[in-house]
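Labels for the chains are A, B and C, by order of writing; each one numbers its residues from 1.
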Amino acid sequence: MGPYVLRRVLMAIPVLLGTTFVIYLAVYALPGDPIQALAGPNQVISPSVAQALRERFHLDQPLVVQYGLYLRGLLGGDLGTSFTGRPVTEIIAASWPVTAQLGGTAWIIMAVAGVALGVVAAVRRGAADAAVLFGTTLALGVPFFVVAYVTQIVFGVQLGWLPVSGVEAGWPLAYILPGLVLALSGLPQVARLTRTSVLDGLAADHVETAVAKGLTGTAVLFRHVVRNSLIPVVSLLGVSLGYLLGGTVLVEGIFNLPGLGYQIYTAIPQHDGPVVVGIGTMLVLVFLSVNLLVDLLYGVLDPRIRLG
Amino acid sequence: MPESPVLTVSDLHVRLGSTHVVNGAGFSLAAGRTLALLGESGSGKSVTARTIMGLIRPPHGRVTAGTVLLHGQDLLAMPEERRRALRSTTISMVFQDALSALNPVLSVGYQIAELFRAHRGMSRAEARRAAVDVLGQVRIPAAARRAGDYPHQFSGGMRQRVGIALAIALRPDVIIADEPTTALDVTVQAQILRLLGDIQREHGTALLLITHDMGVVADMADRVAVMYAGRVVEQATAAEVFARPRHPYSEALLGAIPRPHLRGRELAVISGAPPDLSVPDEGCRFRTRCRYRIEDCERNPPEHDLGGGRSTACHEWEKVGSA
Amino acid sequence: MASSTLVSASAEIPPTPLPGGGAWSRLRRRPGFLIAAFVAALMSAMAAVPQAFAGWFGAGDPRACDLVRSAQPPTAGHPFGFDVQGCDLYSTVVYGTRSSVVVAVLATAGMLVIAVVLGSLAGYHRGWADAVIGRVMDVFFGFPALVGMIVILQTLSVRNEVTVAAVLVLFGWPPLARVMRGSVLAVAGSEYVAAARGVGARTGRVLLRHVLPNSFGPVAVLTGLNIGLVISSESALTFLGVGLRTPAISWGVQLNTAQQYFTTAPHLLIFPSLFLSVTVLGFVLLGDALRDAFDPRTR
């Protein structure tokens, strides 16, 4: 198990470097002068002040040097300072709980409902299968922000059951609607993969052995079909977290939740590079850590991978 | 036949989709004895075995008629829950390909222990010890350590030993072995067959051995049931069949074995191809390949009881094997 | 969500196409396929010749607007009502089909090209090419794609169908490339490729004549699904204000405007959403039907 873990950790490093560099590159290619944007469009800044600010943010250095300095800071837990003067770590500290609760809620809804629907569709076939296929197609087809608005209008405005904006109501009330909407973006894939995988699992020869062993129907289904079938689903659940994290930008915007995605979204038009890069790095780090965990779990679930 | 049968299959009909794979198969197996169910691929012998175990189920297949009596009780008429309790405890199965028959993600010890937990109500630890014990019985070296290994870590022969361990763990009265050595190297085949024979003698288990290999029949079987196109066409002791087959198909099968004293001569082959079982046919299914064919063969021959537990399904049985 | 819908087509196990004609007869027997094919064909026709559809109810010019009628609800001759500028909403929605379909076709074509080239390279040559391409794909898989697309679109001074499609391609190719790689890997390991190499065929010839034709199926089958998902992503980006911009006529632009009025003039939100959803659903269902027909396991 040891070498396997080490290999996975080492493989994550180039991915982390690549992703942060891509974000960095994109943000610093943003047109316009961040110093000017910081001061406001109609302010006149004296060249000496601008020069001082440039030096402070290393904007006078070549891109690669800037990126190197950034990486050095990252190792020491320093994500830089927003052009507004607030340390990025402070911004992250203030907004991550919102995103963590939103992402966590959505992820759990997606995993539980997706797997359950997929298993039911595969085992029951017939009407249940058709219903799940139809529902997942609908969820895949109707764009996400349309769903967001419809749920806001129906559950929030018309029925008045749940808050549609802000986090004042706290967890879980304030997170149910946005969590549900966010979960819907990944749920169809989870349900469908589970369905296909369980169908494959049901057809496996070793399932006959399990029946011939005289195990009960539930034991055969859960220990010998579902357990094996969940292996590919687990890896999809890991990857899906990346989509969910990206989707928080949209959901936090629509539902007015002051999380990381919301910070990115407001920072982009202000050309606030350090905030975008910092939070982007943060999201990628979370994504990579979760996928590392998922890979390790994958090894636990499938001895063929762990033991080669 | 003096011994009382522990397993009797009569007039079994099984359909897979629109194909009538088993058409009136019947045979009986005496306690502690070995019956070889012999036939080429597609003859319905594996489907018969899986029907006995209750593995043929809608929507994939359907039993349309027949009885399977285990200790006098009809398995096919039994509620599923009672039937489940009999699997592994009274009747069990060794599968052809142990690699695909074992769950790849569970340790072999766990898979054997599962039996003791499900049927004997043992705790996890007790079941584990019992599983190691069974692995020892099938002569897997260092059983205690290997119980934690996964199927892909075993060699083909060792893996089939695990398959046998699963089948014998709860000391059933009947073991069905579906071509247990077909997927193995020739050298390993003999070891596995010897192991099966030893265990059968020690435990007094009846063995239904499904095979297409005449050599295996000669080594292992007390009695033989020859299957063709979903029907048992001849039933007799192994010695009787080898001495004088009473069905043209059995005769043809014997002719297809290479024999030392016939070295240099051309090996007999059975001309023609097995029939298409999805097309209905009122006649004897073997007639298109049969050298004893007469007009009567247009209707399906009844089973002629030749006495002493011997039977054949051929109109011209008296002429067969006399040459 | 753009990032999710865009990348996820492939998260499912790639299908293995059956050679031969069985798939077509299976396709025709599915009622879903006929409906989906009809919707996809209708939307493509609308995108190609919007003027043929826009005039059905009398009005027909999406640029003939009358501010007096701003955001008025549906009336006779104007079944969808009017938008904020007082233009006939039905004809603007019909004309909006074009940009969505154009972006989707451009983006999907671009993704296919990249997927085929990089997927074949990685799958056929293995070794370092595979390792490098694999890591690059990991980078894009690990990327919160929506954030990336927003950032890049912000930097672009020109945002039209081509540039939006290019950004979608940039973040959307890896899943298709992964499917292609797997497929090439399987084909490259087969006996007939070994045979072709054995008789001394050159790499280029083996790739073009043997490997590509036999491994393109699984990716091709994903095309329908991909078009649907790209349309969905494009509308999300435009809706967020980083995609197409007015004066372009696009569903995303219409929905972006509509969100401020959704309590007072819900028809502004309803009709473009309806068209958008039906179109995406049509292509997704078409993709599903294709995949099912070519994938023996789901039958």
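Criterion: a contact is a pair of C-beta atoms (placed from the backbone, for glycine too) under 8 Å apart; a residue touches a chain by one contact, two chains touch by 3 or more.
The shown structure was predicted, so the numbers you read here are calculated from the model rather than taken from an experiment.
If we look at subunit A and subunit C, which chains touch each of them?
Per touch definition, common to subunit A and subunit C: zero chains.
Can you tell me which chain pair comes out on top for contact count?
Here the largest contact count links A-C.
Can you check how far apart subunit A and subunit C are, centre to centre, with Cα atoms defining each centre and the answer in Å?
Subunit A and subunit C have C-alpha centres separated by 22 Å.
Taking each chain's centre as the mean of its CA atoms, how far is subunit A from subunit B in angstrom?
54
Let me have the rounded angstrom distance from the C-alpha centre of subunit B over to the C-alpha centre of subunit C, please.
Inter-chain centre distance comes to 54 Å.
Given the complex with subunit A, which residues does subunit C contribute to the contact?
1-5, 7-8, 11-13, 135-136, 138-139, 141-148, 150-152, 154-155, 157, 228-229, 232, 235-236, 239-240, 255, 259, 262-263, 266, 269, 273, 276-277, 280-281, 284-285, 288, 297-298
Can you check the complex and tell me which residues of subunit A touch subunit B?
Against subunit B, the touching part of subunit A is residues 204-206, 208-216, 219, 223-224, 227-228, 231, 301-304, 307.
Given the complex with subunit A, which residues does subunit B contribute to the contact?
Within the complex, subunit B contacts subunit A at residues 50, 53-55, 84-89, 92-93, 95, 97, 100-107, 114-115, 118-119, 150, 152-153, 166.
Enumerate the contact residues on subunit A facing subunit C in the complex.
11, 14-16, 18-19, 22-23, 26-27, 29-31, 137-138, 140-146, 149, 153, 157, 182, 185-186, 189, 192-193, 196-197, 199-200, 232, 236, 239-240, 242-247, 249-251, 253, 261, 264-265, 268-269, 276, 280, 283-284, 287-288, 291
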